[in-house]
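What follows is chain A paired twice: with chain B in the first complex and chain C in the second.
Now for the complex of A and B:
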């Protein structure tokens, strides 16, 4: 074995130690000279935020939102998934009065599943709603209906969505934080946000088409007949571009509209698809292809 | 030497001896941050920046500290020290001087600290016995080579993501296959030029 020379060892130790010391000093000097003042509150707020970086607040991530809140550029109630608790904690940190924020949930305003809605052609392209929507206006006869390829499911930062067997996305109400990311990803803008505890009826349709063309494309679509608007004792239903829209603040859940709707487009969450069975058989006849 | 020599170095280390696709250095960021073009570009910029600086500093340390004391066997340990401190220093300075640049590259800088491509470039510059200017050009070219590989893969992956591929091939499988084919393609440059 070769003899170990003490001086070589010493030299090596000195050289490396010296290098290390020089770099250490350099770094600590740099840290002093180039110190960036960080607002303590930014860190505190980041800690109380959910940390999912969902982007519902309009900022790139929770950290950016915290910075924006501290500098006063963002609203304290901007974090939707965080809900009330987060808002009150942020308010505590900033020493501000609380702001009410209503927790929301996502709803897919379409009930035209694979069995119900008419398809114009067989789509065999990339499995993305965004692309399918661009191809000849989508494969569904209804230009407003859910394409069921799951862009929203992929976008959901909380894993609260999955694609149902019938080609409509299912939303797990418990897991949905109401961030609204899915609504942004839907190329057809079918997904809407409603108050989390809302259990009353909704118009499960997104079609702005009129009358016959809606019925042809989808037997459960709203054809804009206005029967419900007249029937509603609360005057909670309005027509917007041939589509009945229920004002969630006014609706008391009396159910008058459901009885009047010949299309069966009005229903509560969880009642979707059930209505299809009750439709006259005529409407369900070979609509597909 | 000349100018031709430097041009040869640039050509060789971008195409022929590509750091990633031929020498298989820095595979982890190559696969890790190539998911989106945006991050791939950010990472590439950070690598170009750090690799050039790290190689230059490592070259200076080797020739002015290690060589005079006959401590060449310490080069790996010394280079680790140099690169780690340098990246940290760059991060600190950048954060103060250019917050915009920090926002863009900030996330990637700590990743680079332990990147073997950076280390490899520093060691190669010594091994190939480059003189100073050659080392600078070499480091820059090698980093550009890395960027080319990363951006190519990111572009392909973005397309693959949107195409209908067999379930068994999805995810890492098709990525590795793509990387392999890319590497094979780059092997076509072998023997075209050498120093």
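Now for the complex of A and C:
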């Protein structure tokens, strides 16, 4: 066996060690010279955001929103799902005054389920509301009613929706973070956002059709008879394009309108066909960590 | 001359034996017609009449300044009772002139022969007659005939192909037209050849119509520059791009039109309507259509006035069987299923097909298994599985990259898909989205 010369080992060690030292020095110099200034606050804000990347704020994800807030392009109250806590935390980080944000929840303003609403034909195509809506104006006789193919369910970033057996989407009020993504995905604009703690009456219909065609298409649709607007002591109900709309700020839940509505279109949440059901809730912050 | 088959395509069952021997009979004069102001590809017409006006057969009731459009005429004589949006076979509501018949069926004085023979007329004059008669492609797409016949001068057109393929299953109206009025078909062809200044006239007919081939050949023999080419029976042989490929081996480039390869196509029914317009001055107020399918009690080929309600036409054929459950306007491959029957028959309505429960299958949509059957049958050489997925997910850029706009919506991919994926629907949707984005 040949003897290993110490010189050779030494040379190799010195050469590699020397190279390592030179590159190390170069890199540390480069890191100082070309350093990118990072706003620490961006990271802190990202930490307090829910991290669901739902897009409700109008930005691609939570990080983008954090950057926008720091640079002053976005409103501190922009994160709807985060709610009050997140807003106050962001304000603390930025050293700003708190902003009032009303937590919201989604409601499906249609109660014409499979058994109730009239269907014009059997639809056997692409299982998407957006696509079905384009086929001869949709398979429901009501051009404003829920098609029940679940575009909103698929879109919900919080897993707070599921399609009920009756063909109407179910929303778990507790899991709903009020981001409004479902409302944007609904091709018929049936889903509306209301204050989270609202428990009073709503007109569970979205039809702008005239009375006769509404009644033909759906026995629980608002036919625009105006009985409710006259009955409401708070004057909270107005007519918009043949549809009664309840002002959620004025309604005190007395129920006069419910008694007057012959169609049975006015209900409190939980009384409609699409009754709210508990869904397994995603623990957002825990998911993130 | 024998045509080669184009690439792809499918062989659906023909079902043509039901009506191919039944001659075209005049339908009962309707008591009320609904004439939509949009019956063609292009700009809709504006009504020229008002509620309460008396109109006569052949009187022009709708027109527009737009070039890509065709005027519309009254198909019965009577009184205009309403001008309002009415159900349309496309599913939308379209502004329509509704006429109650007075029962006289009196023709308008506008309708008169030009008093000149084709030989004496200038091409421009013939073109004007075709436009004024409101003639559109009668194969189904209803593209205004005069627009097709006025290619830009830089396009060198050398061939006019008359489409007698009638590749859609069930339909036999073109077949009967060729047998019953071969002279008219050839007359129209000659007139169109004069308009375009072309020397070659070719009539392409699928081999499943030997009697039509024979009749047309007998007529064509009298002319020196018209030939009849038998075509292999294959769907979609009647699509113009496929027809050109089969007959003279030219491929229409992506995004192009037949005129880019020197060809103009017209349907045999259109040719006959043009002959009637030139000889008698008769506008397009009636058309032959096939009422067929297992769900109809008495299948027939009927000459129907434009605007007749489909329900009435079905009643004339002794109604539907009890197990009838789907009514399609057009053929089974490209036609549109209808949610209701209170719709008018249009200039482009080639058939009314009533299917029974046993003929329809509802199947669950499954995942793509990458078998590539759709790729094999696509006559345009597209990849329908990719395009379908792009449509499903709304990926406009991907669809455009894969040439979604070249799709002719023939439905072959959906027909063969073992996973029952609605590929054609998805592609149609994404095509509309691409077009909408381009407009912006």
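Heads up, the rule we're going with is that the second predicted complex is superposed on the first by the 237 of 289 C-alpha atoms of A that agree within 3 Å, B and C clash if a C-alpha of one lies under 4 Å from a C-alpha of the other, contacts with A are read in each partner's own complex, and residues count from 1 in each chain.
Everything that follows uses one rule, which is that contacts are C-beta pairs under 8 Å (C-beta built on N, C-alpha and C of every residue); 3 or more make two chains touch, one makes a residue touch a chain.
Since we're looking at a predicted model, the values are computed, not measured.
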Which of chain B and chain C A:131 touches, first, second, both or neither: both
Partner chain(s) touched by A:166 [first = chain B, second = chain C, both, neither]: neither
Touched partner set for A:44, first chain B, second chain C, both or neither: neither
Contacts of A:34 with chain B and chain C, given as first, second, both or neither: first
First, second, both or neither for A:11, with chain B first and chain C second: first
Dominant toucher of chain A (residue count), chain B or chain C: B
Partner chain(s) touched by A:122 [first = chain B, second = chain C, both, neither]: second
Partner chain in contact with A:238 - chain B first, chain C second, else both or neither: neither
Those residues of chain A which chain B touches in one complex and chain C touches in the other: 124-128, 131
Contacting residues of chain A [partner chain C, same complex]: 120-122, 124-128, 130-131, 134-137, 139
Contact footprint of chain B on chain A as seen in their complex: 11-12, 15-16, 19-20, 23-24, 26-27, 30-31, 33-36, 124-128, 131
Contacting residues of chain C [partner chain A, same complex]: 90-92, 336-340, 362, 365, 391-392, 394, 422, 425-426, 429, 432
Chain A partner contacts - residues on chain B that touch it in the complex: 61, 65-66, 69-71, 74, 77-78, 81-82, 85, 88-89, 92-93, 95-97, 162-164
